[in-house]
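Let me give you the structure first, and then I'll get to my questions.
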Amino acid sequence: MAEPLLDLRGLQTHFQTFGGLVKAVDGVSFNVKAGEIVGLVGESGGGKSVIGFSILGLVDPPGRIAGGEIRFDGRDISKLGEREMRNVRGRDIAMVFQDPMTSLNPVYTIGRQMDEVLRLHTNLDEAARRTRCIRMLEDVGISGAESRLDAYPHQFSGGMRQRVVIAIALLAGSRLIIADEPTTALDVTVQSQILKLMRRQVQETGAAMILITHDLAVVSEMADRVVVLYCGKVVERGLTEEVIRSPAHPYTRGLLDSIPRITDRQRRLRQIPGTVPDIRTLGAGCSFRGRCAHAQPLCAERSPELVPVRGSLDAACHFPLQEAL
Amino acid sequence: MQRLLSSEFVHNYRHNIPAVLGSLLVLAFACLAIFGPLLVWQDPYDVSQLELMDSFKPPVWLDGGDPHYLLGTDGQGRDVLASIIYGARISAFIGIAAMACSCVIGTTLGLISGYYGGMLDAVIMRVADIQLSFPSMLIALFLMSAFGNGIGMILIALTAVGWVVYARTVRGSTLSEIQKEYIQAARVAGLSDTEIIRRHVLPNVLTPLIVVSTIQVGSFILIEASLSFLGVGVPITEPSLGLLVKEGFDVLFSGIWWTSAFPGLFIMFLVFGINLFGDFLRDELNPRLR
Amino acid sequence: MMNLRLIATKGILFAGALLLASTALSNQLYAKSLTVGLTSDAVNLDPQAGEELSSNILFYHIYDPLVRRNADLTFGPGLAESWKLTDDTTWLFSLRKGVKFHNGEELKASDVVFTLDRLKKSLMANLGANIASFKAIDDHTVEIKTPRPYAVLPNDLAAVLILNAKYVKEAGDEQADLKPIGTGPYKLVEWVKEDHITLEANKDYYAGPAKLDTVVFRPITNGATRTAALLTGEVDVIQDLNVRDVERVKSDDRYKVLMRPSLLNVVLSIDQRDKSPTIDLDKNPMTDRRVREAMVRAIDVSAINKVIMNGLSTPSEQYVPASHTGYLDGASFRDMYPFDPGKAAALMAEAGYADGFTVTLDATNNRYVNDQQIVQALASMLGKIKINLKLNLMPKSNFFSYIRVPSDKSSLIMSGWDVPSGDGGSMYSVMFYSRGKKEGYGQVNRGSYSNAQVDALIDKADATSKLVERDEFLQQATKILMTDIPMIPLHYEQDLYAAKTNVEITPRADKFLWAYEIDVKE
Amino acid sequence: MLGYTIKRLLQMVLVLFVVSIIVFLMMSFTGDPVFMVIPIDSTQAEIEQARRLLGLDQSLFSQYWIFLSNLLQGDFGRSYVFRQPAMDLILERLPATMEMVLVAMAFATLIAIPLGVYAGANPNRTASRGIMAASLFGISLPGFWVGMMLIYFFSVRHPFLPSSGRGETIEILGLRLSIFTADGWSHILLPAVTLALATLAIILRITRAGMMEVMRQDYIRFARAKGASRTHILFAHGLKNALIPVVTIFGLQLGDLIAFATITETIFAWPGTGKLLIDSIYRGDRPVIVVYLMLTAFIFVVINFLVDIVYTVIDPRITVK
C-alpha cells in the first residue's frame, strides 16, 4: 500500500503557561491519503485547531511541537527549517480558517492577496497569474471575477469571503488542504453551499483535505474518514459511515446524540453532561471518565490505548460500545 | 472587583517585575519628598545656612568633593542633594495637584457631557477637540506667558490642558453606561439625575481614570519642568526640579555638570517610576488588551 | 662656482616667488575681518524703531550722529563739524561737507531735518525730547531750538543717527529697517536673522576707512555658549563674558578679558507715599528717613559684590558715575552709611519699628546680571533688621509695565538706570523731580519722592545753557538726595568682554562695541 | 472628497478664529507692550504717541476688529518690536524650525518603526523587553535635560559637535537649509536627536501595541499559511494594519515636535520660530505671538487633514466624509 500523503505519528504539541504545561495535542496519530477527506471532530478546546497549526509549523511560543512526526509525502516536515517550511505552506499544504471575516487582510485587495500565493510559489508572469486568479474566482462561484479582483475584503459578504479564502487555498495547487471550521461563522444557508464547493474542488483537483469541525453532521456529509479528538487525544477513528452508524466510544456517541435529527423531532436533544475538563489538571486514567455514563473504576486508573475495536474503528476506551443493530 | 483586587490583580502584580520596580521607585520618591527635609542637614532656601565659600563643590567622589555635600553644591553653596529633595516636593506637588484638579473638572464635565448630551455636550466636546489639536506644552507655555509665573498659575495652566482627557474618557464610558438597563431601571425608580450619576455612573467610569491619572502625573511633572526651564514656570523662590536644571544650564559649559545633571536624572527616574507603574495598571485595568 | 651661481640664481628666483606670494598674502591679509559674538541679534536696523543694545551697536556702524560720543563719554564732532549757540536756546550745527551715504547721496541739511522730523513721530521720540524746533539754514547748516536753555543738547544729539531722506522715503519704513543706508563706517552686506550680520568697511568713510574690512556679528544668547564659541575660535570677541568663565579665559594666554564698569546703576526705589501698596500698616514706615538709612546700612553691598558678582561689580557711590554731570566729588553712600547691622537695628528701633514690617520687593528675573540672586541676598540682609522682604520676581516683559508710574502696586522696586549721555540731569529730572508738576519731569519717579529744593535745583540746572553751572546745581541736588535717600544705589555692573589676544579693543563706557575702533594685529 | 475638504476648511477657519480671540484676550493680561519698546524715561505724551503708532490706543475690541479686518486683506499685523510684518518674521524662521522638526521626525520614525515592529512581533524576547524599558525611559526624559547632557558630552567634554546655531546654510528654492552641508549636519545632529527622543519612544510604543494587536489576527496566520516570509508578514501584512494609530500619533507628534522645538531651539540657539516665540513672549510682542499660534494652528489642521487622507490610503475601509 502506498504511503499516505500525510501521516501523523504520535504528535505532541505542548504550551508552557504560567499555570503549568498544557498538552494541547497529546500523542495524536492518524493519516490522510491522497484525494481523501478526513474529518477531525471534537468539542472546542479539544486541540483540533492546534493539530492544523502544528502540521503547518505555525505553532507560536509558548507552544511547541514536543514530539512525534508529521510525515508529509514521506518526509517529516516537523523537522524542517523555517525557510523550507515556507515552501511547504501554501504550495503543498494550504489552510482555510474559521472566520472569513478576519482571515483576509483588510487593507489589500483580494486580487493582491491571491496573487501573493502565486508570486511566492510559482514562476508565472503577472498576466498569467492574473488569469489564474480570475479563473479560480470563477471556479469558486464568484461572478464578475475580473472586477472583483480589485475589491477589498470588506466589500464582500461572509460567504463570498470564504469562497475567496478557499480560492486562495486552492490557487497554488496544494495537495492537502486543512479547513479549520470553514463554515462555522457563516449563515446556515451559506454553509452547505460552501461545503459543496469545497467538496467539488477537492474532487476536481485531487487534493486531500482535513476538515476540522465540531459538527459531526458536517463530517457525515463530507468526510471519508473521521478522527474524534478529546482533550488532545484521539478517542476514536474510522470510516465515516461506520462511526456515524455505530460509534465505539461513548464520547462519539454523545456527540452524535447532540445532533438534531429531522426524524425524531419529539426527542429532546441530548447534551453530553459536564464540560471539557482543564487539561492541566488531568491525572492518570481516561480523560472522559468524568462525563461518561459507563465509567468504571478502571477508567480512573489507567488511560485507555487506541486499539482496533471492530471493522475500521479504532477507539481508546476500556469499555467500547457494542455495535448498534 | 473585590475578587479581582484580592487575587488576580495582586498575583499579576507580584509577578510583574517592572510594576514592582515602578511602585518601589514611586514609593522611594514619595518617602524622600515627605521625609527628605529631615534627612538633609541643610535647608537650601534658608540663606543663613549657606556657606558661599563652598560654592561649586563637585560631588563627593570627585577631586575636591566634600563629604558634606554628597552630590556637590551650586553657585551659592547650596547642597545639590538638598535642593533636589526640596525641588522634588514642589515638582511632585504640582504634578499631583494639577492632576487632581484636572481629574475633578474633567470628570465633572465629562459626566455632564455624556449624561445630558445636547448643546452642552457639543460645546464641551468642540472645545476639547480644538484643544486637542494643540500640543499641551504649547497651550501651557502660552497661558504661563500671559498670566505670569507662580505655582498657582502653573496649576491653572496644567489643569487647562489636562481636563480634556478626563472629559473625553468619562463621556465615553458614561455614554455606554447609561445605555445599560439598570440605569433605565434606576430612572424608572425615580432616582434623581445627580443620584444616578453619583451612585451608578460615576463608580463605573472611574477605573480607566486610574491609568490616565497615573500617567498624567508623570507628564505634568515633565511639562512643569519644561516651563520652568523656559523661565515661565515656578519662581526662583520655589524652585522645582526643572528650575534647578535651568539654573545649572549656564554653568554647564564651564564643566560644572552636577548642578543640572542630578536634578534632571531625578526627574527622569521619578517619571520613569510613575510610567512603569502606570503601564502595569494599563495592562491590568484595560480589558481590551487582556 | 658654477654651482654656486646656479644656486644664487635659484635663490633669486625663489626670493622673487616668495615676494610675489607674500604680496598676494598681504593683500589677503589686508582684508582683515573680525567676528563678534553678541548677546542677541539686532532687532532693528532702523535707529528710530528701537533701542536695545545689539541694535544700538549695529546702528553706530551703519549710521553717524551729528555729535560723536567717544569711548570715554567725551563728545566731539561727528557729522557736524562744529556747532555754536546763537542765543540761550538756539543752536547752529555746521555739517561736514562731502559726506556720502552708502547709496552715494551726499549728506545735506535736509537729511538732518528729515531725520529729526521722523524721530519726533517715532517710538523713539524721547531721544528728541529736548528739541523744540529745527530747520535747515542752508545745505550744510541746521538750526535747532531747545524749549529752554539746555546745555547738553550735543550730548543728546549723539544718540540721534542721521538717515538719508531720499532713501527712506523711497524704500519705505520696512525696507529702511532691513536694508539700512547711512553714512557710517560700515555697510550692511547680509542680515540672516538670528544667525549673523555681515558688514563691510565703507571705503569712503569721512574719517577714513575702518581698519577691519569685514565684521560679522553673531548672536549667541547663552553666555556659556558664547565663551565656548570664543574658545573654539568661531568668534574673535565676545560681549558679556560670563562671570563664571572669567578665570578660565584669563588662564589661557591666547585670550584676554577686558572689563569696564558699566553705567548701569542698580538701584532700589523706595516708596515715599504715606500709604504703601504692599505694606500692611496705616503709615508707610519707609517715609521715615531713619528707616531708609537703616535699610542702606543693613545691605552689605561688598558681600553682594564678592559672592554674587564674583567681584565683578562696582558698589555705587552715588546715583550717577563719576564721569557724569551732577557727580559730587568725595561723596559716597558707602562712607556715609557703611554696612552696620547694629546701627541699622538701632535706627529701626528709634523710628519705632523695632519689630520690623513686611514689604514686597518687585524685581526682574532676567534683566540684570544675577538679579535673582541679588534680591535673595537682599531678603536675607534686610531680614536681619526684621524687614521681612517678600519677593515678587517677573520677567522683564511684565516688569516694566507692572512698576510703571504711578507704581500703584509697588513699595520697593529694584531696577537699573544708565545715562549714556553722561548727563546726570537727565536722570534727576525724570526720577527725582516731583511727579505731575511739569510735563517731561518726574515720569519715572517710582517712589513718589518730592522735595521742593531738589525740584528748584533741577529747574535751575535746566535753565542755564552753561555746563559748569548745570553741574553745580546738580551737585547741590545730589547732596540733598544722598541725605534724603529716595533710592538706594547698589552697584554698577561690570561690562565684561573677552577677545583673542591679537584683537586690539578698548571697551567703551556706553557698551557700544564699535569695530571702527578695533584692530587685529598679526 | 470635495465636500469633506470644504468641511475641514470651514472647521479650520473656525479654529483659527477661536484661537485668535483667545490669544487676543489672554495677551491683554500681560504687561503693556508699549513699555517694552520705548525708552523707559519717556513722557506721557511720548507714551501716547507710541501707543498710537502701535495701534494700542484703541480698545481691545477695536484692536481685535482692526486685526481681523486686516487679516481678511492678508495683513497679519506688525511686530511691536521689530516693526516688521509678523508673518514675514515667522516665515523667515520657519525653514529652520521645520528642518529640525522634520529631521527629528525622520530619526524617530526610521528607528522607532522597525524596533516597534520587532518588539510587537516578538513581545516575549529579552531584546523586546529591553526595547520597551528603554522606550519608557525615552518618554520619561526631560527633553531639555537630554539636550544639555548632549551638549556637555559632545560639545564641552569632548568637543566634536557644535552646540549652537545652524552652521553653514545653502539657499535652495529660497529656503535657507543646513541639511545640505556637512557643517549644517554637524549642527543639526544634537538638536534633532534631543527633539526626536520622546517622539521615538512614543511611536515605538504605539507601533508595538498595534503590532501585538495585529499579529494575533487570523489574516496574519493566513498569510503565514500561504508561505509568506517573516519580513513580508511583519511589514506588508502586519505593519500596514498597525499603521492607523501610528499615523494618528505621527500627526500629533509632529505638532508636539513643533511645540517642543521652542525648548530645543532655546538650548541650541537654533534660529527658528520657537526661539522667536519665546523672545516674543519675553518682549510682550503680541502680534508675533498671535500669528505664531495661528500659523501653528493652521499647520496642525493641515497635518490632521493629511492624516485623514493617509488613513484612507492605508485602510480602504475608511472613507472621508
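Here the chain labels run A, B, C and D in written order, and each chain numbers its own residues starting at 1.
Here is the rule we use: contacts are C-beta pairs under 8 Å (C-beta built on N, C-alpha and C of every residue); 3 or more make two chains touch, one makes a residue touch a chain.
What you see is a predicted model, and the numbers here were worked out from it, not measured in a lab.
Trainee: Among the remaining chains, which ones contact both chain B and chain D?
Mentor: C
Trainee: Tell me which chain's centre, taken as the mean of its C-alpha atoms, is farthest from chain D.
Mentor: Most remote chain from chain D, centroid-wise, comes out as A.
Trainee: Going by the touch criterion at the top, tell me which pair is linked by more C-beta contacts: A-D or B-C.
Mentor: Between the two chain pairs, A-D has more contacting C-beta pairs.
Trainee: List the centre-to-centre spacing of chain A and chain B in whole Å, with centres computed as mean CA coordinates.
Mentor: So the centre of chain A lies 53 Å away from the centre of chain B.
Trainee: Can you compute the centre-to-centre distance for chain B and chain C, using the mean CA position of each chain? Integer Å is fine.
Mentor: Measuring from centre to centre gives 45 Å for this pair.
Trainee: How many angstrom lie between the CA centroids of chain A and chain C, rounded to a whole number?
Mentor: The mean C-alpha positions of chain A and chain C differ by 91 Å.
Trainee: Could you pull out the residues of chain A that touch at least 2 other chains?
Mentor: Answer for chain A, listing residues that touch two or more other chains: there are none.
Trainee: Residues touching two or more other chains, restricted to chain B: which are they?
Mentor: 148, 231-232, 249, 252-253
Trainee: Give the residues of chain D touching no fewer than two other chains, as numbers and ranges.
Mentor: 30, 155-156, 163, 281-282
Trainee: Per the touch rule above, enumerate the chain pairs that touch, sorted by label.
Mentor: A-D, B-C, B-D, C-D
Trainee: Can you name the residues of chain B that touch chain D in the complex?
Mentor: Those residues of chain B that touch chain D are 18, 130, 133-135, 137-138, 141-143, 145-148, 218, 222, 225-226, 229-232, 242, 245-246, 248-249, 252-253, 255, 257, 260-261, 264, 267-269, 271-272, 274-276, 279.
Trainee: Provide the residue numbers of chain B that touch chain C in the complex, in ascending order.
Mentor: 47-48, 52, 75-76, 148-149, 231-232, 235-237, 249-254, 256
Trainee: Going by the contact rule set out above, which residues of chain C touch chain B in the complex?
Mentor: Touching chain B from chain C are residues 222-225, 227-228, 242, 244-245, 248, 307-308, 365-366, 372-373, 376-377, 379-380, 391, 393-395, 398.
Trainee: Enumerate the contact residues on chain D facing chain B in the complex.
Mentor: 15, 18-19, 23, 26-27, 29-30, 133, 136-137, 139-145, 148-149, 151-152, 155-157, 163, 252, 255-256, 258-260, 262-263, 266-267, 278, 281-282, 289, 293, 296-297, 300-301, 304
Trainee: Considering the complex alone, what residue numbers of chain A touch chain D?
Mentor: Those residues of chain A that touch chain D are 53, 56, 58, 61-62, 82, 86-91, 94-95, 97-99, 102-109, 116-117, 120-121, 152, 154, 165, 168.
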